[in-house]
């Protein structure tokens, strides 16, 4: 985190610069079945973030040495498009995207019923088309929906969201400016039914009390986002329009 | 193409800077069996260009996933030696050489009787030792001869040659200066007997009429070059000297 | 070699800058069984050099194409830690370390009874933690001890040591300053019992007579170092302390 | 096993061809539906989304300042990239770019570059000191056939809508990127013995050689590329070359209408 | 075949867990023995060796001067690297860094960086002209479990003992690198259904998800990471979070005593 | 299967060795025929082609200007490269350089560099500002054995004929590259129990360890390298070391005659 505690991000009336309250999410839309070549897919916009996810498989796992005799492996790629950020980024994977791909795969493997597909592989391709802070949460949340759209059996849905700290105040869902000058970021991935944690990262500085509050905000947001996930999936399968 | 229409490349008498007419080739020599370690080989000089080609195989295709159950694959590498150009080039393959390798392989697969060697691989190594414009045509033409020298069954020979445009005039076989300041380049690969097209690229600017004329020059040159190919192969197999 | 014959490296009394005589080794310590995760291991300090070696295997050789039907292969890596040199070096392998890995593997394959383990692989990991001239000799000598510690059958031990030339005088075991301004370096790998040569490199400038003298110094040092190897191994297996 | 499908598919496509039919019931030179949007990516200085049948492509333009090359002190540069990435289809695998991916990128790049649609001198900020580098990145999200044409179309549309962010870089006022021409790529594939326009996924799988033709506003050709194994006659080429002229005109209109 | 072992191991670990036992007879939150040395590498400007049970890690600090980034003209930088290399265990293979290796490096780096133990402004030599780049390289020599905590410990110890080689670079007198805080990482793994502290090699092989917690001097959390497949409840997290506070305090004392 | 051949070949070579014969009927220390040409590549500033038995090698020299390194302000540099590429033999595969390829390049480079045949100070254009970088690239086209010696020979011949293109770079008149010495490499392989000079392809396939000796004009040794598995005695080495002196003298004459 930048850790610049001195940039004013919360107005005197307690509102954030974009008018949100401390525990308010940016606007979110979710759409499924958007990529014809994929078995399942999802488009999610979250503030100015845009993520599109394609799911392929289950298919035979290649090369052989990645096969697991008792379950499927998830082959997850988180990729930022070169034009997704203010300064163009070089195409291809870097250490950051590889780490995000790994923790995303592990979070999704915690909800997918991987035991049903021994020796197979499920490919999850997360493309960030526009990035404005919080892309990993956006990608994970959209990936869970795309897996459901692909008909992959899952024991629960997965919602990812982050709370953080700005101007020494805990807030939900940091936007770009808040992230640049923020003091902490606590992204989580929660199973909305069991409330179990499948994904957890954090960096910056949080006291135990701040940590608790951030988790509280996150848990509340999980239910809101989960509703949108369910609506998007229903809307497709009930013949509704998106 | 550079597209500098204002550099004088054709003299007032209609001659080009090196004295050639518009539809005249640079001097060409072809020699076969020049590389003892190869199953078939060819050395071609074309103006100042020098290409040497080695052919190995057919052999079992490795790794397995490149095997085709019904035919051989051609594994073609087009490589420019570091000292082949005016400014030294770094050894190894770049995007240009990979694209040329691909289109060369596809052109050669169109003439080699690949169905006769299922699951196998034929390696074609094209080395450009000196480059003075037109190396891809030189490489393809020499590779076809090297395949024949290796005894690989082919349904026709293959000749590659390029016409282009300089000073708004269509000419055959651009040399270095003409290529640097030229307005268009149209390399083709032609089966000399059927006159079918197995290789085609073009960049620059050609009107439909200019395109037609460029193709006419190319077709005429194909017959000339084909004669040299046949002579080179005959000269080896009839015990003649080169 | 730097080849700066004009830097004074030998004092008027014939002593070297660190007080050694021309045929004297730097202080050496050898310890075995230092890395709990490895099957065999060795730590060697040689002057300021520190090398630690881990041996794993014999294990099935992967990928398959590196397998030999009649013997084991040695998979040797010589690696310098980023902090091992005065200027930090980038982690990972370079052409120098790959060449040293190759010649080290070949030297060790000359003493290991590789025929006893067909189709298998023995991994030898040489880590240079501090480098002060002579790291390849230190690595080879320690690797031979680590192989013995791992219980790998060997037909002889292997000792590596280098003589060189400074100020036109042949000396044993160049240290950092001597190496920087030296005129020649002759590292060898000798089987202490048969006195056969399993490893040999040299660069710089040596007359035939100087070469002979350098070899004589090396041979003498081999016996000294071999004694330390044997002591280290004995000390472990006789229950002695290090 | 994977290899059996194309054999059967090839037979089916050949049978259909005998009656001059296509697997998705189009005519030989009939195009799939196109839906195009522009200005769809808020962090790009120009952007487009092309939905071409089931093929979906995004294009984004980014600018950066740099020193010019000493031999062309007043010229900027345009770099176009397009890649076959695993998101776009089951058949694409992660790893270093395949020859197919490199060919796509280079052919799309040549079509745009050789048309001269952007004058390199128009990218000069201070001669000898500072010029614009234009990065046109084309992102294929769904490949259901003919991504070459979809990439080329998305690319020129993104350029046509791009704004040079001079203000952000402190070198003057923002302004439209000057784009003089609209090069259009038209791709044909030999399927069941004859060339068809705008091949769909199955036709690409079961087809033979492919030809890509990029035409400029005046009907001049700026780029050609033959891909894959196979040969064709000059007469066959003449037919698709003529057809490409008609297709290009229609597509050019779509771009013009979209980006006014 | 390799895959059978973990199955049996998992069963064994589960059985032990029922009686609240561990495979190496430790208590749930009992740490293995630690032996630490500093100043062990003569070519590094700061160094340490940590022997943590059978896990052995070296850390070395190197300095270099460079120009600062234009947006932070008075800030130097700290780069921490840690890798899973073949020397450390039979299971690590040569080749480009695996996702596991990248995660190790990034998590160790974040723990140290986010604690603010080094103020970037303290690395300035001449503002706008010259700042120190600090490279902290952590070298795992033997992995018998919990290399995350061993790396983090070796890293902060090497920093605490580091001398800025200003003299050698002709920019003043050598001086101690100012290190304000001692971040400590505590790692827990779910084994047989409950989290244990400081997992050993077998527990890592037969365990499930892992949690890494880095705590600062004041008990604030600076970095969290959940790794591997598996889920846990907020109550489970609360328990290990509380325990981490205790462990961190003990380990911090070891560092303080060692490096005076 | 491929592995069976060497076994039989080894037996055959051993049998021949018993009667002091070689598979291609040469004497133990007899060299194959050499044909050498120089100035064969019009874009290189120095070049040679060596046909050594069935082994064919090209070498080309290119020059470029660069700033000198600060610790050696008046020194240029010579970079020699040689690689095992797929063109040269069925057995070489594409991909990153193998250890064998790296060894070839480094051993050839050391032989030339350590002989001091080019004084680095002679490559200075303006001290502290501009020096020549000399790139000697050696291209193996056909490997029928002993490419080490062929590469070394082609390399020194290309250097001996090189012209410094000062005119083209606007730093004075073109002039011969000053080359003071002619280092010669002589390679020996253990075949059937004894060392032979100039091994052919079959002897390399069925042989054991290899020794490369580079000698300077005065008989001094500049580079040694033992390659491959196997050991030898000091007496064996003394024999080939003595022979190398004779071989080097003959080969040095060939170079001298060729390049006058």
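Labels for the chains are A, B, C, D, E and F, by order of writing; each one numbers its residues from 1.
The criterion applied here is as follows: a contact is a pair of C-beta atoms (placed from the backbone, for glycine too) under 8 Å apart; a residue touches a chain by one contact, two chains touch by 3 or more.
Fair warning: this is a prediction, and the values are worked out from it, not measured in the lab.
Undergrad: Hey, what chains does chain A share as contacts with chain E?
TA: Chains in contact with chain A as well as chain E: not a single one.
Undergrad: Where each step is a move between two chains that touch, what is the least number of such steps from chain A to chain D?
TA: Steps on the shortest route: 1.
Undergrad: Among all other chains, pick the one whose mean CA position is farthest from the mean CA position of chain D.
TA: Chain centre farthest from chain D's centre: C.
Undergrad: Round to the nearest whole Å and give the separation of the Cα centres of chain D and chain E.
TA: A distance of 48 Å separates the two centres.
Undergrad: Report the inter-chain centroid distance for chain A and chain B in whole angstrom, where each centroid is the mean of the CA atoms.
TA: 52
Undergrad: So, what's the distance in Å between the C-alpha centres of chain F and chain A?
TA: Comparing mean C-alpha positions, chain F is 58 Å from chain A.
Undergrad: Can you pull out the residues of chain E that are in contact with at least two other chains?
TA: none
Undergrad: Where in chain B do residues touch two or more of the other chains?
TA: Correct list: empty.
Undergrad: Which label fits the chain touch graph of this model best, line, ring, star, complete or other?
TA: ring
Undergrad: From chain A, heading first to chain D, list each chain in turn around the ring.
TA: Order around the closed ring, chain A first, chain D second: A, D, B, F, C, E.
Undergrad: Quick check on the complex: what are the chain F residues that touch chain C?
TA: Of all residues in chain F, those touching chain C are 3, 97, 99-100, 102-103, 105-106, 110, 114, 116, 209, 211, 216, 218-234, 237, 241.
Undergrad: Please name which positions on chain A make contact with chain E in the complex.
TA: 1, 3, 68-70, 95-96, 98-99, 101-103, 106, 109-110, 186, 191, 194-208, 211, 215
Undergrad: Where on chain E is chain C touching in the complex?
TA: So the residues of chain E touching chain C come out as 41-44, 47, 54-56, 58, 60-62, 64, 81, 83, 85-90, 94, 135, 137, 139, 141-144, 201.
Undergrad: Report the residues of chain B in contact with chain F in the complex, numbered from low to high.
TA: Where chain B meets chain F, its residues are 34-38, 48, 50, 52, 54, 56, 59, 77, 79, 81-88, 91, 123, 125, 127, 129-132.
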